[in-house]
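Common to both upcoming complexes is chain A, partnered first by chain B, then by chain C.
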Partner chain A sequence: MFCKPGSTPPGRFERGPNTGMFSMKDIWRLARRDRLSLIGFFLFAAIIVMALIGPSLAPYEPLTINRGLDGKVPILKPPSAEYLLGTNDLGRDIFSQILVGSRTVVIIGLYGALIAAVVGTILGVISGYYRGHVDNVLQRLVEAAYSIPFEPLAIVIVSILSPSVWTIILAVSLVYWRQAMRVIRTQVLSMRERAFIKSARVAGASDFRIMLYHITPNILPLTFVYLPVAFGNAVLAEAAISFLGFGDPTSISWGQILRQAFTKGASIQSWWWVFSPGLFITITTASVFFCTRPFEEILNPRLRR
Partner chain B sequence: MNKTNININTNIKSGTIAEPSLLRVDSLTKWFPLRRGLLAGRKKGPGAYIRAVDGVSFEVKPGQSLGLAGESGSGKTVTAEMLARLQSPTAGTIHFLGEDVTTARSRDLMRFRRQVQMVFQNPYDCLNERWRVYDIVREPLIIHRLGHGNEHLDTCKEMLTVVGLQPAEHYLYRYPHELSGGERQRVAIARALVLRPALLIADEPTTMLDVSVRAGVLNLFRKLQQDLDLSILFISHEFSTISYICDTTAIMYLGKIMEIGPTSQVFSHRYHPYSDALAASLPVVNAEDKRPPARISGEIPGAASIPRGCRFAPRCPYQAPACTAEEPPLLPVDSSHRVACVIWSGETPSSEQRAFQENVLRRQDEEGGAA
Partner chain C sequence: MTGRFLVRRVLSLLITLFIIITVIFFLFRVLPGDAADYLVDPLSSEELKTTVRKQLGLDRPILVQYGLYLLNLVKGDLGNSFVYGRPVSTLVVTALLNSLPLVVITWFIAYFVGGFIGVLFAWKRGSIFEKVGSLLVLIIRGAPPFWIGLMLVYLFALYLGWFPESGMHAGIRGEGDILALWFSSEFPRYLILPVMTASIYSLALPLLLMRGSMLDVLHEDYLDLARAKGLKEWVVIFRHGARNALLPMVAQSGTYLGWAVGGLVTIEVVFAWPGMGRLIAYALLSRDFPLAQGAFVGIALLVMLLYLVVDFLIPLLDPRAELE
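Moving on to the complex of A and B:
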């Protein structure tokens, strides 16, 4: 729908006849052809910038009870020039809360995704390379990770540890390493049979050396594919946990704004209180999923036009 | 007929060979189980395993080269990978310079690896795409802790020059995707040679190459044999390339050696009907040379269902009842030439077999007369 017809030249992949691999260059080339993913990239970049400089641009202290010029507290005011996204029941500025909350969301998203992708990559490489018993054990672990529903796990972890940003990151990375691990494992399984790995073994390279220098550089693009996926999952997970009330009580996040709106029963009359955090959560997750469109095309060549 | 019988007797008694061998392989076997898991190995009998290599014995003398020839599926590559210690044999032994390396580990294995290197079939698959040529060629030196960084540069330049990539500086910092198939294969050879091995295993190194660069790479192998005193175990399905490189040739079929002997003899005498058929399938340039077309038909059967008796019998034009009774052993027909065929070991050849036999002997005499 966003793609111009006929804008895709044939033979976009400059690579050897049978390598089955792709490079960052391929990803960028595919992304540039697809408007939707380009929009995704820019939206994602905007969210990151917002998290970086947003909190210092916030017009009000997010938790201060504001007072108008007439000395009255602006309770549940709809969006206006003064309060861009309106105020809540305590006269707090929602726009400022959104800006400050973006940092929490992005921190959880980035760290959660990074840890999940790194753990998934390392375990995937080990599992695919060693096969046999190691693979068997690790595969059962993945199955466990797939069978655990995220929210109950997060609640258990939060109640054991204290509710904080890091606890949520832990919960996110405990669950979302599974996708990257599965896909990377299968790639490694086929890669380890290729001649350049055999050549390394004939040269006397140790298993560690082969995994670190020969396999990892070749599957790293796949890790990058799963980073945004895990980021999107982490953002949604954070929103869910915070909405359920297990988030970090000391920091503001979009999920928490939603929770306050919900507990105050304001979702019907004060639409702006619910709408704005919801919109930002949607934009963030949608942007990363749009970003992954070219990756999907690489992973599933049948989608290529 | 008499002649061959006498040969058989003398050779069996002569026993072991005095000259030390570089590589000696004894009844090397690789069976892949078809079933995995708890019940693996429970099922006995035919079909339980893929018998990829089924008892192969040969030896390579220092500075000599051996060719392994045969159709696809005859177990050449599995043999090569076992010799390079990439796969572990199900049975049999590999001796390198008198030392048993079949199950060598850690230090011993590293010592073996310094001496035995391998070049692979597909030049588009055998180089790490993310590394530059210099890193690729240099890696074995780093692994075996040989020399320092600045020495590596000189060694790599020298190696690239040896394999004909000149000027070396032009190639050192390139990535594999910038090179042609022939250049890639030369880089792979340089990488294999940088440890100065005594034996190079080459698994169909020219089959994936463009015909125009094939001759160049083959000449390179010839040059390496002479200049570096390198032994090459050359695997190919093309008789012509093998005869260009190798002193000795072994013809493999379904995991077994059918005929082994000096290359010129194997190709001219062709004691085994399978060798004869392979040779007959070669295109000939000389229009006067009117040979009968290859008389074998069908495909090589799967290694999971190896026929009873002689494994070539079902496709053999000279098949007789004796062929399917029992597998013929590899017996000498000549001082350095061994064949596994009922025609040469059986008591009562059929009339067709006798015709084949006479044909071979006539070829042999003609050649003897010409020499």
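Moving on to the complex of A and C:
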């Protein structure tokens, strides 16, 4: 088992050869023990709820040029009861933009993470199970993927396929599958030497069957733990892509609000225009990093708690 | 033994480089339309477009174009930029040189400070200092780097007025005599905010790596021996402990250097720093594809070189790690 209560001090993992096996129960036990992880979980849930119902709660149309009672356009108004997070240079309500934008951010985060995790798991299982030439080729691919800095590669993909939510999701998953793959490959490499895999092979199970019924179920908790990390990375990636001007022009996201503020030269007199979208991005990503803190050692074996 | 390792490593890196160049070449050919559509006024005649296509060699089969591209690449010719009309190779080298001080100084600060704090975190594990610190590190990892940059600009450039908000030098925009620029008295003032932003952003990984390997080292017997000799605790921790825990961090730092050239793109955009990342972003925004493509090849080449350097540095640091 991955974590033997009693044999190791709380919060520490058993040393020695990692068997690569732990169950969903272990995840729950580790998460419950860490208060920060729980806080992160509730913050994350709040963000999801925001993405679900937020857009319909927005007090103003995010792209409408508002007018006050006196008929004047409220240009660059600081946060007030009327405009909770202030207005931008066109008199648009920033709080409404953030509420509506949360849906784009969460969609990209969830789908990006899911695709990256699934692709990474499949390739990781194949690479770790077959070893040899298959592994070698896939490792060269990972090395190539690691050698190109993420953001330039992502904006190339997005600009080639024309910017939209879906191409951003594709770019994010094309870049982040490699992390999941590395972790899972290592675990599969050690798992394939274990008795139950060997006995399955002796019993005449095909490679495909062994991978699908014997290895994958045991590796899934690892994929599950990886998901929040990928979500955080995807949210950050979306922010960067949109900030650089490659975002989906038809939808609002937090990164795009930041881009508008930056290109229009939001000055210190309109700090709220830049401050609040960035704060929401930080809360979102920090929440998932909080969630996964107890599992850091599993995800990145070089980091020990 | 070393010679064989060298040959094998160089070969495997060349294969990786070849994959990258191939993928990038065909990636840019997937684009709708071709270079002639971007170069020629859309209202001009088809004949003109055909002539331009012929000039650029775009009328040949794609595999021939690919072969010619590889051949020119070996000669160091990356084609001409659409927008600037100058050879891509000079533009890429200029951007690379502009990125260099930013990347190298950031690398140094992030790994030095990050490593130092990592040792402290391992040493003071479980204390309030370590708990609050770890929390801060997680939050910093979650913040978009360009947002941190913008906040620092507000605070230090616009509010306090200590440093210029962007650019590399008053009047100079990444052209001219690079050495004169690096050693001018103005340069450090322009460098401070981008370096500060990039360092805060890059601090987390070396910190966590150092903390992790330090926790391993802290149980070693030779630390007890050092204590028994009557050495002060900080001497034991830093001179005897940290020195032996350096390896994972150093091994990773080469990868970081390669990644940061081009990887600091949003920070370079915020601070109008005419480096490699900004070059790629602006080349793509203005559909200057030969330039973007050349920049990628430049980055990939550099990263491969750095991987090789790290491979040879590690045995120097840790004699136990033999060359495979």
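Just so it is clear, the second predicted complex is superposed on the first by the 275 of 305 C-alpha atoms of A that agree within 3 Å, B and C clash if a C-alpha of one lies under 4 Å from a C-alpha of the other, contacts with A are read in each partner's own complex, and residues count from 1 in each chain.
The working rule: a contact is a pair of C-beta atoms (placed from the backbone, for glycine too) under 8 Å apart; a residue touches a chain by one contact, two chains touch by 3 or more.
Nothing here was measured: the structure is a model prediction, and the numbers come from that model.
When both complexes are overlaid on chain A, the residue A:Phe290 reaches chain C alone and has no touch with chain B. When chain A is checked against chain B and against chain C, the one touching more of its residues turns out to be C. Using the contact criterion defined above for the overlaid structures, shared-chain residue A:Gly204 touches chain B, although it does not reach chain C. After overlaying the two complexes on the shared chain, residue contacts for A:Leu236 are found with chain C alone; chain B is out of touch.
Residues 12, 15-16, 19-20, 23-24, 27-28, 30-31, 135, 138-139, 141-144, 146-147, 150-151, 154, 158-159, 208-209, 211-213, 215-216, 248, 252, 255, 258-263, 265-266, 269-270, 277, 280-281, 284-285, 292, 295-296, 299-300, 303-304, 307 of chain C touch chain A in their complex. For chain B in complex with chain A, the residues that touch the partner chain are 81, 84-86, 109-110, 113-114, 116-118, 120-122, 124-130, 139-140, 143-144, 176-177, 188, 191-192, 195. Residues of chain A touching chain B in their complex: 14-19, 21, 194-196, 198-206, 209, 213-214, 217-218. Across the interface of their complex, chain C is touched by residues 36, 140-141, 143-144, 146-152, 155-157, 159-160, 232, 236, 239-240, 243-246, 255, 258, 262, 267-268, 271, 274-275, 278, 281-287, 289-290, 293, 296, 300, 302-304 of chain A.
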